[in-house]
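Look for chain A in each of the two complexes below; its partner is chain B in the first and chain C in the second.
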Partner chain A sequence: MSRRARLCVLAAGLLATAALLVAAVLRVPSFGGPWHPYGDRAVEAALRRNTANTVSAVNFDQRAFDTLGEESILFASVLGTVVLLRRTEDERTSEPRPVSVPATMRRYGIAALPVTLLVGLYVIAHGQLSPGGGFQGGVVVATAFHLLYVAIDYPALKRVRAVGLYEIGDALGEAAYVLTGVGGLLAGAAYLANVLPYGTFNTLASGGTVPLLNAAVGVEVASAVVVLLARFLSQALEIEGGRE
Partner chain B sequence: MADPAVDDVLIVASLLFVAAAATAAVLNRDPARQAVVLSLLGLGLAVLFTVLQAPDVGLSQLGVGSALTPLMILLTVRKVRRQRERRDGERHGGKRRG
Partner chain C sequence: MTVLPYLVAAWIFLVGVYGLATSRDLVHAVGCLAVAQSSTYVLLLSVGYRHGGTAPVFSDVKPGVTVVDPVVQALALTDVVVGATVTALLLALVVQTAKRFGTTDPDELFALRG
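Coming up: the complex of A and B.
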């Protein structure tokens, strides 16, 4: 396609998108107004399933299939990173030199690590009740371990974090989500249907399959982020040489 | 947050902060500094989402935008610099720096 034709196609696409956007924005409910057609229905559906956190009810119940897609995107991209950032034949690994970290920073890091880990696990466990959930808590849990790298050094992180286990955790989290969905089929309903008892409102075991799917995402995200950062860290600190 | 006027002030303040941080991130040309500004931008966005009553999104933004992404950028910058120093070292016949 010639440059001129390409620009014409681009212009047509941009104009059409702009026209659609303007048409859509003109009919959006006004900012901060009292009319929330989608929100009202989502809240009603969440309450019917005894799920206190409506956002989790949307993510893991009303739109559970969308979340399977999102979880799989993360899984696939981490898999891609693992393949791309592996050590190639013409590269070699070197031991990173130990670095000295100010004592105050070391103390702060060691004090912050258990607190961060606990906050992350809390956010995952209470996904069906309060803001947060598997995704947010998973990221917090994974970053907690990396306080070791920031506050002490890379070997300290490596000693505590066995990447192999997190690779398995990543796959298990993804598989648990897919299989919980199959549970819906086995119960005679649809894939990813919420077939478990809804429990008592505002308790940890409420929301049917919501806490299970939420926990699966938590395990997957925490493991995925650990594996992802492990690859970036080994490229930045250990692997050298090779063609460019 | 019962008073709507307080809400408005918080929303406007965090919007302005986000606009300033985002502009600073674009104008900064050094990737390592950009990562730090990006981290501040992530923090501002997290506050903005929270005052707009979307704490779930705020939490994600805090974890990904202000911790994970800047760390990945910094590690990438470190890798590229190390590679470049090694190449320059070999070209000048000098000793290789780690």
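Coming up: the complex of A and C.
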């Protein structure tokens, strides 16, 4: 099909979709209205289980099984990327050389690393109380290590980051989530049911299994981001040659 | 205009699909897919908004205060995570395509080769 003909088909499709979307939008409940039946019930359920952050309660308590599916998508994507970005037979690896960076930048990077790491762990640990949780905090933790690459150079990052360990961490995070779910079965309830004591409202020990699942997700997401970035960085900086 | 946020979401989606269909570079196509997907964030958060509502986190507000819908916020969180990792997987595929075929123009990748 010529480019022109394809554009005509595309225009027809886009216009029809646009018409359907506008027709649909005109009949949905109005923006900002008071009618949120699911939201109201989710808030009630979260407060009954002493979880201050309702979003975490939805993700790790009411919809914990869906989050398991989501975690598995994350796990499968990382696995796929690792397989796709491995070094093939006809490629060589080269050691990237250290580069010279201004001393101020180096100092700033080293000073920012522990702070960022602490913020990430705080966000994971307080997922049941304040905005955040395993997904958000995991990304912050992974970012902390990569400050070394941004502020210093690639060899500095490689010294603190053994990719093999993070690959294991990724699998352990996923396994911890699955096994926490089995805990529900052993207690005589449903899979991934919140069977632990709900604790005191608005303290670290609240929400039953929510903090445990948050920690599992935090480990998995931090490891996954480290592994993903490691694969892309090694493609860009270490692997050369191959079929062209 | 009470339907404006929904129309914005529809517009972002259509722009993303247009870019995806007319793309001449696979990296650009992955970017367009991310744009099309980000329309779902706008749609979800528009559905969940409530006038005068605050964040659905009760560590510093009293239970009973008007809050926005937490269910769609949880869905948007899911959406962001899955979107980011699937984008990474697609970019890995693009890297391999560029290595095997020496091009990232989808129009030049018309046949399957072993």
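By definition in this document, the second predicted complex is superposed on the first by the 211 of 244 C-alpha atoms of A that agree within 3 Å, B and C clash if a C-alpha of one lies under 4 Å from a C-alpha of the other, contacts with A are read in each partner's own complex, and residues count from 1 in each chain.
Basically, contacts are C-beta pairs under 8 Å (C-beta built on N, C-alpha and C of every residue); 3 or more make two chains touch, one makes a residue touch a chain.
Quick caveat, the model's predicted, so the values are computed rather than measured.
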Using the superposition on chain A described above, determine whether A:L196 touches chain B (first), chain C (second), both, or neither.
neither
Who does A:Q235 touch here: chain B (first), chain C (second), both, or neither?
both
Looking at chain A, which partner touches more of its residues: chain C or chain B?
C
After the superposition on A, what does A:A216 contact: first (chain B), second (chain C), both or neither?
neither
Quick check for you: in the superposed arrangement, does A:V55 touch first (chain B), second (chain C), both or neither?
both
Classify the contacts of A:L84 with the two partner chains as first (chain B alone), second (chain C alone), both, or neither.
second
If you stack the two complexes on chain A, which partner ends up touching A:P131: first (chain B), second (chain C), both, or neither?
both
A:R97 in the overlay: touching chain B, chain C, both, or neither? Say first, second, both or neither.
first
For A:H146, is the partner it touches chain B (first), chain C (second), both, or none of the two (neither)?
first
Common interface residues of chain A with chain B and chain C?
53, 55, 131, 135, 228, 232, 235, 244
For a test of understanding, state which residues of chain A touch chain B in their complex under the given definition.
53, 55-56, 94, 96-97, 123, 131-133, 135-136, 139-140, 143, 146, 225, 228-229, 232-233, 235-237, 240, 244
Given the complex, residues on chain A that touch chain C span 6-7, 10, 14, 17-18, 21-22, 25-26, 28, 30-34, 36, 38-39, 42-43, 46-47, 52-55, 57-59, 63, 66-67, 70, 73-74, 77-78, 80-81, 84-85, 129-131, 135, 202, 221, 224, 228, 231-232, 235, 242-244
Contacting residues of chain C [partner chain A, same complex]:
2-7, 10, 13-14, 17-18, 21-22, 46-51, 55-59, 63, 67-74, 77-78, 80-82, 85-86, 88-89, 91-93, 95-96, 99-100, 102
In the complex formed with chain A, which residues of chain B make contact?
55-56, 58-60, 62-64, 67-68, 71-72, 75-76, 78-79, 82-83, 86-87, 98
